[in-house]
Structure formats: C-alpha cells, structure tokens
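Dropping the structure in here first, questions after.
As written, the chain order gives the labels A, B and C, with residue 1 at the start of each chain.
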C-alpha cells in the first residue's frame, strides 16, 4: 500500500474487499464523522438516522451499507457492515506515536528481568525481579511491574500502569493508563474477640489472555484462593472493577464503570453496558447482554438480555412513582381484595 | 490587603462588598464550620437548619444571609449569598503549597517541547515531543504528557496525571491526580469471520476549554471520528468517565462517579448528581439537572430536573416492593379488568 | 513455627486453637479453593452449598465448621468460623514480596522530611517538605507524598499512590496503587454576575486512623471547612469515592465503586455493598448495612439493612414493568376509586 499522503479509494476497496462506486484514484487522508468531515476525508453512514447528513457532508467518500448512492454526489464504498469496515480501515489512519524500541536510561530494570527483542521501556519505569517481557512489548513511562510478572509479545502498557506481583498478560494486549492489576482482593473476616476485621491475605495472582484491552483506571484484583482470570479477547472499558477470583470468558465486552464482585464467573461473548453491577459468587452463562446500570443479583443461566432499574422521568413525576413503589405490596393486596369482592358481588353489596 | 496573620473583618467586608455588624478590627486567620470553629476563625451559616449552632460556635465571626444577629454575640457579616462569599473569601486562606517555578532536574523534557515562562515541572515528569506549555503552567511530579499536547497558561496538573497525545487544555484549569485524558475510546466491531472483536483506532484527540477542573481518577477518552470536547468552565468531580466523541457544554458541573457514554452531547449549565449514567448517542439540552444515580436512557429536550430509581427502604419492605415491580404489567391489566367490571355493574353481578 | 516448606496440620491446629481430626504431621504448603486445590494444599468449606466438592477435592486437609468428616477421607480441622480461620492462616502463605528497608537512590526526598527506622522508599518516589514517616513504613515506587503528610509506623503504600499535602495516616495501614488522598473537594458557588462557578478552596486535610485499608483507584477528598476523617479499622475497596468533610466511623467496610458525597457522616461497623451511593449532608448511624447499588437519599437513624432499586428481569419483561412504574401514581388513584365504588355498591350500580 502506498505510503504517500493518504490512500486511494481503489486501494481501500481492494483491502476491504468491497464495491466502490466512483473514481478509484480519489485520495483520502483521514476519517471523520459525516457532520465534521472535511474534503479529503472518508466518512461512514452507520444508521439511517444519519442519512440527512449525506446531503451536506464535505467528505470525499462515504462507506455505507445499502446503496443510498442516489443521495450522494461523492464516491461511495458499499460495505455489508460499515462498522467492521471502519474498524479495518481505521488502522490506516492510526495516529498513535510509535514506540522507539529502546530502554530509557531512567528506567529501573532488575538484573533478573528477562527482556525480549525490540522492547520499549519508558522513563521512570520500574521492573522488579523475575519479570519476563516478550518481544515488541511496550511499557510506557511511569509504569511499575511487580515481581514475577509475565507479559507476552506485542502487549503495550500506556503510561502509569501498575502491575502487582504474579500478573500474567498474554499477547497483543493494550493496557491503558491508571489501570491497576493485581491489588489485593477485598477480603476480611470479622474477629468477634478483637471487635475488628482480620485481613485475608490474597495469595494468588491474575491471569489475562491474548488480545485483551483494559481501560484507563480499571482495577483487577488478585485472587485469594485461586487466580482471577480474563479469557482471550476480553475488552474492559475505563474504570471497570473486577473482584478477586472472578473469571471472565473469552470475547466478553464490559463497558465503563461496571463492577464485578468477587468469585463471580461471567461467560463468553457477553456484553455488559456501562455501570453494571454484578454481586459476588454468581454464574453468568455465555451470550448474556446486560443493559446499562443494571444490578445483577442472581445467576443467569439462559442467554438473553437482562435489565433492572426504572425509566427516566421528570423528578416531580418520579417522586410520585417512588411513593407508589413503596406501596406496591399494599397495592397488590388491595387489588386482590377488590377482585375477590367482584367475584362475589353479593358480598360486595352487604 | 495586609499579609500579617489573618485579615480584619473590615478588610473582608470591604473585599466582599457586604455589611459588617461588629468590630471591624477583629482578626480572623482561618475558616471552619460552625461546629468545629475555634476562636480566631470565620464561619458561615448556609442553611436555617444550622442556626442551632450559632449559640455554641466559638467562631470569631459568622457570614450569614439574613440578619440572625439577635442569635449572635460575635460580629456578623451579612451576605446575600453566603456560599458565594465563602468561595471568594476561601482564597485568602488557600493552604496549597505554592509552585516553585523551576524545572526539576529529574524530569524528562523533550528538546522539541515549547515551555512558557515561570513554568513548574516536578520530579519524574515526562514531556514528549512537540508539547506546548503556556506561562505559569504547573506540572506535578510523575505526570506524563504525550506528543503534541498543548496546555495553556495558568493550568495546573497535580501529581501523577496522564495525558495521551493530542490533548489540548485551555487556561487556568486544574487537573487532579490520577486523571487520564486521551486514552482510547471504547470502540470495537465484531468480525463474524474471526469470531472476535476488531479494534477501531481512536484517531482524534481531546479539546478542553478554559477554567475547567477535572477530578482525581477521572478519565476522558479521545475521539474516534471527532474530538471529545469539554467547554469553558466545565467542572468534573472525581472518577467521572467521559466516553469518546462526547461533548460537554460550558459551565456544566458533573458530580463524582458519573459516566457519560460515547457520542453523547450535554448542554451548558447542566448539573449532574453523583453516579449518574448517560447512555451513548444522546442529546441533553442546556439547564438540565439530573439527580444522583439516575440512568438517562433517552435524549432530554426540555430543561428541568430528571430522575430514575426507587426510594430507599428497609431491605425487608424493599423486597416486597420489588416483587410488586415485577408484577406491574399484571397489576395494570387486572386493574383495567376491575374497572371494566365496575363500569358494567350488571355484568359484575352475573 | 517451623520455616521448612509449609506447616504441619498440628502446628496450624495449635495456632488456631481448633480441633484436628487426622494425622497431625501432614504438611500443607499452600491454600486453595476446594475445586482448585492440589495435593499439599489446605482448603476450606465456607457454605453447605460447596459440600459437593468434598468428594472430589484433592486438598490434603479441609477447614470446616461442623463435622462433615464423614464426607472426607482427608484430615479435617474443625473451626467455629472457617472464614476467620482462613484469615488467620492466610498470613502463613503470604506471597507478597518483602520490602527491603532501603531508600532507593532515585527517590526525591526533601531534606526537611523526617524518616523513621527501617523505612522502605521505592524508585521515583517524591517526598515533599515536612513529611513524617514512622518506623517500618513502606512507600512503593512512583508514590508522591505532599507537604506536611504524616504516615505512622507500619503503614504500606503500594506503587503509584498520591497523597496531597496535609494528609495523616495512622499505623499499619495499607494503601493500594492509584489511590489519591487529599485532592480538592468538589466545591463551587455560582456567581450570577460572572455567569460562572467560583471555586471554593479546600483548605483542610484528611485524617485516617490505624489499621485502615484503602483500595486501588480510591479517592478521598480533602475538607473545605473541616478535615475528612476515616476512623480506625475502616476498609475501603477499589474505586470508592469519599467526598470532602465526610466522616466514616471505626471498622466500617465499604465495597468497590461506592460513592460517599460531601459532609456525610457514616457510623461505625457499617457494611456498604458495591456501587452504593450516599448523597451529601446525611447521617448514617452505626451498624447499618446497605445492599449493592442502593442510593441512600435520606439519613438513617435506625440500625438495619436498607436497599433501593428493582430486581433483575429479562429486558422484555422489565420494559413493561417500567411502563407500570411510570403509572404508579395513576394506579394508586384508580385503585382508590375502585375501592370507594365497592364500599358504596349502590353508587356503583347507578
């Protein structure tokens, strides 16, 4: 693929294996939303509700599912799944600074650490004893990697990530800044003689598969009686919390601010919305979807979509509904009484 | 204003432009709540429910709205808005250590960075290529500032803040420790051929206006198809999450642990309570208030106050209400049936 | 106690003061769950629902409450509270790397800091002026400790913890990575003349008692009109947020992702589930338990268990219940009307 400024639509169509309607020599050097695109940029139509922007967009070309080319004067790429086309083509326009494959002289790397080829280690990194880093690993500035951690080839840690001891991460992962992996799980036992909680040592580690992305500020605790485990292809958004001994199956995706309590097991290909809570010691099967801000308070054995909470209301109306919520048991009983009376109209009269 | 120990009430009354009842030469050298104030301290009456403390407080003077000076033996400052008076006078007693306007020799500053006048850079800071820092900028110890970031004059980053590349921050901002700005937005497309998610590169940055405060541990993701944007005067509390491509209007205030999903647009002068969730791709107009722990699941086009959730109950009663909640559709149908029967009393009898 | 590989069951039984059924010379060198235990490991039966694993576990010995030794072929330790026994015995198998009681040459320690005996200070640590560290304190790599902080003997900070100025921590605490203590509370006053929020300086600090554990990514704000205070034995899980001026009583335990708003006071021996929210300026008495994801919107003056929210439902059924929730006020009124009609059957007929 040509490395001059941008790419031709012909190159992109061939790479994606999709149909192009329009001039294949047209060049694009960036991607943008339909609304914000400038000339020279490629855009995308993901949903019919954005069709209105097709008339006004300044994009030089648009990727879309069906042939709405009647609406368009610019070239169009016809993709069966524009979102997947976006994912694939987005890598052409990756703007991330590239790692320089050097070890910063200001890093503290233990003599017993085993460092692979073409590894990048930033300033102020601390790598403890017996750490193993695979080839092409990137460790951003300020990261601290505890004793005995293993990070497999191609995984990148952004700046200021903290790994405690005994954390294992597979290949080609991405760990974002502020993430903390392997801190103590939250375990105490109340000691009635001392009137205080005794700490339970968290003696196991964390095992993370290949191709995992972990968001900024996300925390994954180490295990108490077995490792905390994330499968391959798991994606965790920012500020997710994963408790000790939890297991998350392959290719499960968890949105921001969700919290998975200890010893809970989530299946594969699950989708959790934002700020979902799952209490401890539950079992969630594969292919379960949980909508945003749902509390999962019991195990889920059937695939499907689950929710909790109430709808959004103006606060004034909502307050009246919450009054009714508190009376729901009373409402049920009164309704039963009314139904009984109506079944026995003679009693009702008396 | 005199810089000897504390300030006289006369100085304070003149600075705030408010009335003083009492000795204007009385000195105060600190502020405290009515309950905890010691002699020599200035206190505040924000709400009538705290009037009871006026009799016992040891404060040397009190700022209050109405003239409750009958309750007081100490001097009183009469402010139309005691909270605003507090904000203004609090700066007199600012206890923050002052920046020393030097660059720590242990910082790693790229030769291509452009550093303004009187800038303070702490130990172990990493400043990447092509960064621009305005005058009087403060970068606390352990901060990492990515390629091409621009921070305008007077903005202060506390210790251990992380900015990815292409993040722009306006004037006089305050960014607290542990904040991460510009990490990848959470974007994937499922690839049915490979049975896994493909990453969508997040190729845009983050643009933040003037006079913005960002709390500890807050995360603001970079954009995928356009920048993530925060207007002027936006205040984000701790552990807030802002998804990719989101926009937040001027002077909007968001309390702790709230989560704004991707591509959602929030207006100006909005107030979000703590732990609010807003799902993706919504539009919230100006002057909207959302109460704590509300899930916003659809766009809001009318200013006003909005809520979701149920009221707090003893768990035993609450369990019975949740049973009723699950039967609400059934309750509605039964109620309709009962109403029909009562409208046709002859049928009811039969 | 012998320091050869592991410990004998006799040693453990005597240390815990509990009964052993089986060979007291049997050695165990680790702990694990019943399901995952290997020969040579000690396991635990916490709940009757796990009794099924007793037949298949490979553990060399099991700690359990009642005598289910009929189910077991291996030695059994009979503990009145197996969880407390676990806590006590877990320290035998503590796998944490031990601090080396040295000050890393790459740390920046102020000349005015007062450092106790046997203190460990990691690489890239920054210790500001007038800090006092007690004996045996451990400060992990990358920590920043602000002006005037005091950390009492035996307290350990993991890597990348940030303390602002004027933070006091008692003895034997554990502060996990990414925690930020003493950032500005979230305080602003709207200035109608300038159409913007004025910052209220947060001039007080944070005071934390003895034997406190603070989770990864947890944030505790400094006070505005008095200190933010955590009592002795408080345990905060990961990503908890504590607002300014809040007070948390002794031995209160708060699970992950909970948020305590400003000026709220929580009693002693309270238990908060995960992702609980408590609004500002409330009073919660001692011995209150709050279930996961509950919003506490008013003070709680009676000990007990409290909840809010709805139960979990398949999304399809849940949507219908939320429709009913919105009509609850209407349902109540219609029910009253129906009841009235039935009380006056003659009216109903007319």
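The definition used in the following text is that a residue touches a chain if its C-beta (ideal position, glycine included) is under 8 Å from a C-beta of that chain, and two chains touch if they have at least 3 such contacts.
All values derive from a computational prediction rather than experimental measurement.
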Chain contact topology (line, ring, star, complete or other): complete
Same or different residue numbers at the chain A/chain B copy interface, by half rule: different
Angle of rotation relating chain B to chain C [CA atoms, steps of 5 degrees]: 120
Centroid spacing, where centroids are CA-atom means, of chain A and chain B in whole angstrom: 24
Sequence positions of chain C contacting 2 or more other chains: 106, 124, 142, 160, 178, 217, 239, 257, 275, 309-311, 313, 323, 325, 327-328, 331, 335, 338, 342
Residue ranges of chain A touching chain B (in the complex, touch as defined): 30-33, 35-36, 43-44, 81, 83-84, 86-88, 90-91, 93-97, 104, 106, 122-124, 140-142, 158-160, 174, 176-178, 211, 213, 215-217, 233, 235, 237-239, 251, 253, 255-257, 273-275, 292-293, 309-316, 318-319, 322-323, 325-329, 331-332, 335, 338-339, 342, 345
Residues of chain C defined as touching chain B within the complex: 106, 108, 124, 126, 128-129, 142, 144, 146-147, 160, 162, 164-166, 178, 180, 183-184, 186-191, 195-201, 203, 217, 219, 221, 224-226, 239, 241, 243, 245, 257, 259, 261, 275, 277, 279, 289, 291, 294-298, 300, 304-311, 313, 317, 320-321, 323-325, 327-328, 331, 334-335, 338, 341-342, 348-349
